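Shared between the two complexes below is subunit A, which pairs with subunit B and subunit C, respectively.
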Partner chain A sequence: MSRGALKTGKSMRLGRQPGEVLDRSRQFVFTWNGRKYPAFGGDTIISALSAAGESVFSRSFKYHRPRGLLTASFLDPGCNVQVGDEPNVRGAHRKVEPHMAASAQNAWPSLRFDVKSANRYLERFLPPGFYYKTFMEPQRLWPLYERVLQRFAGGGKASPDAPHGYYDKRYAHPDVVVAGGGPAGMGAAVAAAEAGARVMLVEEEHELGGHLRWGDEEDLAALRRLGEEVARNSTIEVMTDSVVTGRYDGNWVAVSQRSLPRVEERLIKARTKTLVVAPGLIERPYVFQGNDAPGVMLSTAARRLINLYAVKPGERAVVLTANAEGDAAVADLERAGVEVARVEDARNGGDIGRVRGGQGAREVECGDGARIECDLVVTATGWTAPTSLLNMAGDKPFYNPAAARFFPSRLPEDVLATGGIAGDGSLDELLEHARATGKEAARRARGIGAALRAGIPQSTDGEEAPQDSPVTIPDLPVNGHLELFRGRTHGIVDYSEDVSSKDLVAAVKEGYDSAELAKRYTTATMGPTQGKLETVNAMAVIAEATGRSMEETGATTWRPPYAPITLGALAGRNFEPVRYSPMQPWHERQGARPLVAGAWIRPDHYGDPEAEVRNVRKNVGVIDVTPLGKLDLRGPDVSELLNFLYVNKWSNLEVGKVRYGVMCAEDGVILDDGVTGRLGPEHYLMTTTSSGAAGVLEWIEDWLQTYQPDWRVHVTPVTGAYASINIAGPKSRELLARVAEGVDLSTEAFPYMNVRTGTVAGVEGCFMWRIGFTGELSYEIHVPAAYGLYVWEALMERGADLGVRPFGVEAQRVLRLEKGHFIVGQDTDALTQGFGAGISWAIKLDKEDFVGKPELVWQGERDGYFRLIGLQPHDGSVAPPEASQIVEGKTIVGRITSSRFSSTLERSICLGFVAPHLAEPGTTVTVQLPNGERITARVMEHLAHYDPEGAKARG
Partner chain B sequence: MSARRSLANLRIADCTPLTKVFVQAFEKGMLARDLGVEFGRAVRDENGTLRIGSGPGEWLLLAPPGSAPEVVERVEAVRAEEPVSVVDVTHGRALVRISGAKTVDLLPKVCGIDMSDSITPDGAAFRSSVAKVLTDVVRDDGEGTRSYLLHCERSFGQYLFDALLDAGEEFGIEIEGFASNNSRSPE
Partner chain C sequence: MILLPCPHCGPRNASEFRYAGEASTRPDPNATTPEEWRAYLYIKNNPAGWTTEKWFHRTGCRRYFTAERHTVTNEVRETRLPAARLESNS
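The block that comes next holds the complex of A and B.
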């Protein structure tokens, strides 16, 4: 058959089945390994392939043995496939879609002829712990080993170019989460809803119903009735193709939800009041030689194929049965036209010795030695109770040898269990148990909910906790079952990791004789199925090898997630809040290059930062400084607060004046700086650094609420309330005068470090500060934010003839460096105490107390601290990169903290920290550049390289 | 100002023009008694102002656009014995209203608080993270329709609006005009 042609040949598709999930009116084509295959709506990838006669879907992890269908469910370890760019898709669960491109993974050059299958001939040389033993020495070869191992690693391929899907998160607060949507889960959900609870019913399959879905007419009728009951209750939120992946403290339950429109996968964080665990039972494989050959499958898999997907699992079958499910499988197979060559009834001593066949089962050797040709081997040898969620809730399930499975032991108040995990019985008995459990879950949820609501403000008085009596939950019978784990031969225990019973026995012989140790040594239970198929068999083999009982051996630990969850779902949507100033649209129109400064998006420059610097020095520039932190402080004790938080004095600040202040933490390290103005007798406006606004607010509130709760101070964050614009340059006064009203801008009436309130461009209530960061005459105006863009545009328009131009953060950095102003966090770090930063003029140790005083006193006394100094390289064309080291021989004696080329001075200028013996003006220091080259620089007299006297700013 | 009205099950409107006044006083003081609303609740007064107990000893008052002077005056007219500060934060905060039955589906995608009637009934007010932004959320139903006001620092407003639009896309969210929503706002 040519590639691209529709796969034809023997079809295994059956006629319409009563419980089938197919939409036969919707037939389409998809591709498997490049070939076209037909499918119906509702088919899974694997059911469609099986219907087309395919039986090999992957190669095993280590030995590259051909693998077929085992469980026909999400868990199926041999059915992981690649779909487009998506690796490790559960092919027996994922519904096939038109034009879907599915392919086998872990096989080369083809699924049928896989070169790496030669590994199976090396099996004797690949014992457990092979990696540990082989790749330990010599260490220098590890990179080579790593490349080889990566080449042999299983799994699909994730393309780095794959488009990022839309992943989502959601919080939920249901009264009851029911994990498992089989009959017991449905019954519990209905009973809980009827008792008034809001219920989340979570089912891993695409439809509710559990084993009823592939059952007989009676089962299907029961399923319809249950479905109607669920649908009648609007307080039940049904989630199919979803799975509870974990239960955490406080009954936080994680749910992975799939099959959503537009959303690839959603992680639901549900804080449920009660959790009902109703996952049913997972059929357990049987260990014997050849148990992983394609064509060997579980009874539930055969029944799913026939009843849900109308696929004939094979032509001639041998069935090993130890329970009713196996018996039902025999009936289903015969009804589907499969020749059942032999039924080995384990209850009567029947067994399977081994299965022979390369690409698929060919012959079975039965327990009595009889050899029977067949292409299908079905086993029904017992159940694993998926107690994972119970373990996560602190339960320690106990093993009941009579039933050959685990049962819940002691559950916390907010977790209940029902269904097969709790016991056996008829459908009616199970439903009776489930309904009582659901009702009790709702009752407990009411009590927990009432406790939660206590203390939450309500429109009416809080309700009292319900006093109703606990619901009596009937005991479920426990059916006896043979302990069938491994037959007389060795076979695969962990299908995902290719770990055999022989490997486990070998591990025990090497001394790894506890379940946890053997697990880690062999990697059994550590593959994609995470123990759900193999844990009990692994335990049984270890128990057999050690001569201990199952109870003594114990189970390995179940940890979340119960089912795989994508990294995309864990990450969720990309919430990265960003902040914009009111002038952002203008900046964007002018092509400003954005700078991400914390959450703020700011203009870094408008194309030519050097020209922006020159224009400020020559004419006038405006910069958007809205991100400056702004705090409105009110109350009679504000000056006390300022005196306490800043290192300088504030008690004598007059109304209309502003003052620069530096805050230190208790360890004397500089925390933040800024200018605070006194707007009224009990009203101040504090500015902080842009990045420090939130921290300073918390800092102030912390001191107010803990240290001085009696101080009468109210703090209101108003950063976004004002659009802040700095107008800087020799023509700034002239520009402001054109738009300001009601304020005399003359030097005499409005001197440096003063604040006035007035009207700007017709906007009332603007604050004008006569301060500057650039070293030029400048004004900082704070405009009610909604008018910010209007005022900005007015300044640009009215100042056009003055040469007004915007400048961005980069130009501001140069301007302030020329002026020698440090930036907290850039020129200081987490060790920079006050005196080191050159602010000794501001630190008033004669104040009675202030934050950081004891440390600063000590710093002043001990001296010896590094000092912030101005530096100029002797070669003015070289601007050493920031963080360059200052060295003496091989000793680091300082670092460059800020460095730029100054277009004003036409040379490079720096700020830096140096050891005290190098801080003397005129000292030559050595700066080591990142390329190893060393240059020399001169320590300047001032931090300021430009107008150190401040005449321009004060002018 | 748009008056676009939508009948969708999920609607969003920019209500930033509403007057917003932030009040601080003793939690159990004279002003608190006068305001008549405790932390975690919101009530509408006889002037149509929505009084929100936004924090312990903190209130947010929402009123029609341009009414800040009157609102401030009314609060300051209460001669409380304790220190009181009244700050017009109209320009400093963004305000978004989302309305419709699907709000209970939208909000859990961006906020971890239980939006059920039993925990956050009409008139509930709380401060939480909404799409990672610190937000004051007020349930303020109108005309029998579930509705929430979301109030955050102004500079985050555009981001929050966009995040809500994105989260609401699967529920068919539609944008309404402020004027349309203002019919439910304090008047």
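The block that comes next holds the complex of A and C.
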């Protein structure tokens, strides 16, 4: 028979099959590489193409060999295709849809003629490690190598413009998760549900049923009965097109769910009480020369094509069978009208030597040397137990040479296994095992659930652990099976990575003689199939090459995820909570430029930060400082607590006074700073930096709960409860006086560093602090948040004739830099201990105890630390970028931490850290700019560049 | 993800908690030596076995507590609220 006759788009579609998944009433068209193809509802991309006579679906990863269908399932390594802008779609799993635009990956310029397939003639020049060894030297050519290698890399193309899509997450707390919806999984789920458990039944394929789906009439009838039982139990949640991808500590199970309408993929995080592992078995390919030619497929693939998709897999077949499933495939092929030219029965010594054919199988050389023309080669040489979930549960499955596969050895209490992974036997025997396993899973789930509930302190009374005795799970028989891995020739072991048995033997010869090393060197088992098809064959080839047994060789480690998860599913929906102050609508109306500051969105400026600075210095400005951390502290021991938390003294703070304080951690490093005021005898309000608010609260709670639990202090975070406004500038008193009631604002009655409680713009219970970050006369007012916008608008309205203008974070940064106030985290870092930041005046080492005291004592004695200083470049027009280095020759002796052009002083000003010998005022230091240019700067007397005496703030 | 038995709230996902380090005792700040203080700050036993550590139930009851956890099996055999320790000492 000539090949040409087979390849002219001849329909391979069979008549209606009893178990077919097709909806023949729904016929439509999709495109493959730009050409139109017909499909039925229920077809996968590959089944529709196969029905149309196509047999080549991709080019292989390394040698660009034509690849066809091998497993006709999710795993099929040659069937990854591009769909629209989605790359690497599992074409033998994804259902085709009307107008879908699918195309081949890894082929250029076309699937038929791929120039890179020249690689396969170079096979003997492309040994394992070829890329590592060749593209090493010289280093200057790396960019070129990168471009070349990228061209040759496999995979589809991800469009940077692809929309994110709708991905979701869900948390679930089932009693039992059943991983695998074949007959065993269905039986276990039904038994567990009937025993009272809430069950999740998770199946990778689009329908439940496993191998029954492509079985005979009897199998289909059994499947119908099981399906009805599952449907009757409302406590079973069935998830198809979904995979249990991992099992983690405490039976934390990840499920990738792809079957939801309008959701691309959902990641379910299920805390299940018990997990039943029932994935069935994966048919293992056979290694021989030409085993990756299109037309060579597994027996399950042939049976799936015929029975599920009504596709005739070929015209003339040779079958290598070593088991009953292979025999069933022969029967299916004959029924489908395929001429079975020869059956090689491995149980009677039958074998396949090699397959010849470029674009597809053309001729088989059988074990006895006979050559047979055919376009289809079907192999049934054994099974791989997908033990991933068992390994993740801590099991070390053992290899049974008599059955030629792995079995579970010792499972934890909360994980059970059933189905093909546990043994063989008739369908009735399997179901009996599955039902007992499901019932036992439900029983153990009750015990585990009771133990969990007993751990909740409130419900300790009452519930007793259930006293039921374990369900007896019958042993499953284990069928003997020949150990068939590689025939008499070499062939492909890892189809995804194009690794042949020859490559593995070469790797062993080079010294990579353990499974884990050979895997990494050859990349076998590291491609999209992730070992499910190839791991046992790789192990067998390594065992053969090293002369060791399978047990001695050992398999490579199975790691999560079992099946690929999209990054979209891991990311989930795009939740990024942000915080706004109550004044946000006003800022937006004024066109404020937003600044992301942690979770807060704040106005950076309102168009002209320099003008904002000038207005604060000249008239009056207002800034929204709501993100400022605020903690309400109450109780008789607050002053003790403050004395302990801050480096400075607090015991003598009178009611109505506020004080600036610095907190250091136990390592003496500056942690946070802020102003705290005493509102009443046992009532204080602490402010922290905006970014430090949450951390400082946790830190205080730690000290209070674990170190001084006898201190009577109640801490309440009130950051969001108050809107905070700073009114700064020479006219700030005049402005506040227009809106404040019941408070005398004169300097005598309300001096600098004081706090008053009063009414602002008619709003009662506002706190007014006379403090200033900007160096001007200023008031910080904290208003109940619901009135924040109202008070802000009142200030703007009543101060219009005073020239009141808003200012943003940028203007405030300039103003505070002019004033020399450091910002924790900007001007200090994780190594800045207290004395280095110029706050010696605040550190009171004579206190009995405070956080970090010993380190500060030692720092004071050491005296060799870098110091924060004010700096002015000699050339006032240059503002060195922040983080510029201060250098002496080639040595780094400091850095610029803050730098701005000050419109007030009409020159650049900085804060920086310098080595102790450079800290003397008047010293000239050298600053290296990022462009390599060096400038000089003078160390100043004070941190403050503007009004160092503080006369304006006190005025 | 492991379940951690909060003495207040019962077993909860570890992601609700912040790990606050191995339990340690703060040396007397006025009598300590740099060696002792820095051991308190930085030197951890990190055993493969039973260890006593501090946890903070950040998104739950916001209580700090100590837990005796086996770092290999993640079994937790005892948890204590610090206040409870104090009461038993008094």
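As a convention for this text, the second predicted complex is superposed on the first by the 892 of 955 C-alpha atoms of A that agree within 3 Å, B and C clash if a C-alpha of one lies under 4 Å from a C-alpha of the other, contacts with A are read in each partner's own complex, and residues count from 1 in each chain.
Methods note: a residue touches a chain if its C-beta (ideal position, glycine included) is under 8 Å from a C-beta of that chain, and two chains touch if they have at least 3 such contacts.
The shown structure was predicted, so the numbers you read here are calculated from the model rather than taken from an experiment.
Asker: Based on the superposed arrangement, let me know which partner A:701 touches: subunit B (first), subunit C (second), both, or neither?
Answerer: In the superposed model, A:701 contacts subunit C only, not subunit B.
Asker: According to the stated criteria, A:65 is in contact with first (subunit B), second (subunit C), both, or neither; which is it?
Answerer: neither
Asker: Tell me which of subunit B and subunit C touches more residues of subunit A.
Answerer: B
Asker: Determine, under the contact definition given at the top, whether A:575 touches first (subunit B), second (subunit C), both, or neither.
Answerer: First partner only.
Asker: A:456 in the overlay: touching subunit B, subunit C, both, or neither? Say first, second, both or neither.
Answerer: Both partners, subunit B and subunit C.
Asker: Applying the document's definition of touch, where does A:855 land relative to subunit B and subunit C: first, second, both, or neither?
Answerer: It touches subunit C, and subunit B stays clear.
Asker: Now for A:250: first (subunit B), second (subunit C), both, or neither, which partner does it touch?
Answerer: In the superposition, A:250 contacts subunit C only.
Asker: Thinking of the overlay built on chain A, is A:952 touched by subunit B (first), by subunit C (second), by both, or by neither?
Answerer: neither
Asker: Between subunit B and subunit C, whom does A:636 touch in the aligned arrangement: first, second, both, or neither?
Answerer: first
Asker: Go through the superposed model and pick first if A:895 touches only subunit B, second if only subunit C, both, or neither.
Answerer: A:895: touches no partner chain.
Asker: Using the superposition on A, tell me which residues of subunit A are in contact with subunit B and, in the other complex, with subunit C.
Answerer: Comparing the two interfaces on subunit A, one with subunit B and one with subunit C, the shared residues are 271, 452-453, 456-457.
Asker: Spell out the part of subunit A that touches subunit C in their complex, as residue ranges.
Answerer: Going through subunit A, the ones touching subunit C are 248-250, 252, 271, 452-453, 455-457, 666-667, 698, 701-702, 705-707, 709-710, 848-850, 853-855, 858.
Asker: Considering only the defined contacts, which subunit C positions touch subunit A in the complex?
Answerer: Contacts found on subunit C: 1-3, 5, 7-11, 13, 18, 20, 26-27, 29-30, 32, 34, 37, 40-41, 54, 56, 58, 62-64, 74, 82-83, 86.
Asker: Touching residues of subunit B toward subunit A in the complex: what are they?
Answerer: Interface residues on subunit B, with respect to subunit A: 16, 22, 24, 38-41, 53, 83, 85, 87, 89-93, 108-116, 118-119, 121-124, 131-133, 153-156, 158-160, 163, 166-167, 169-170.
Asker: Quick check: in the complex, which residue numbers of subunit A touch subunit B?
Answerer: Touch residues, subunit A against subunit B: 168-173, 198, 260-263, 269, 271, 449, 452-453, 456-459, 573, 575-582, 599-600, 626-627, 632, 634-636, 712, 714, 716-722, 784-787.
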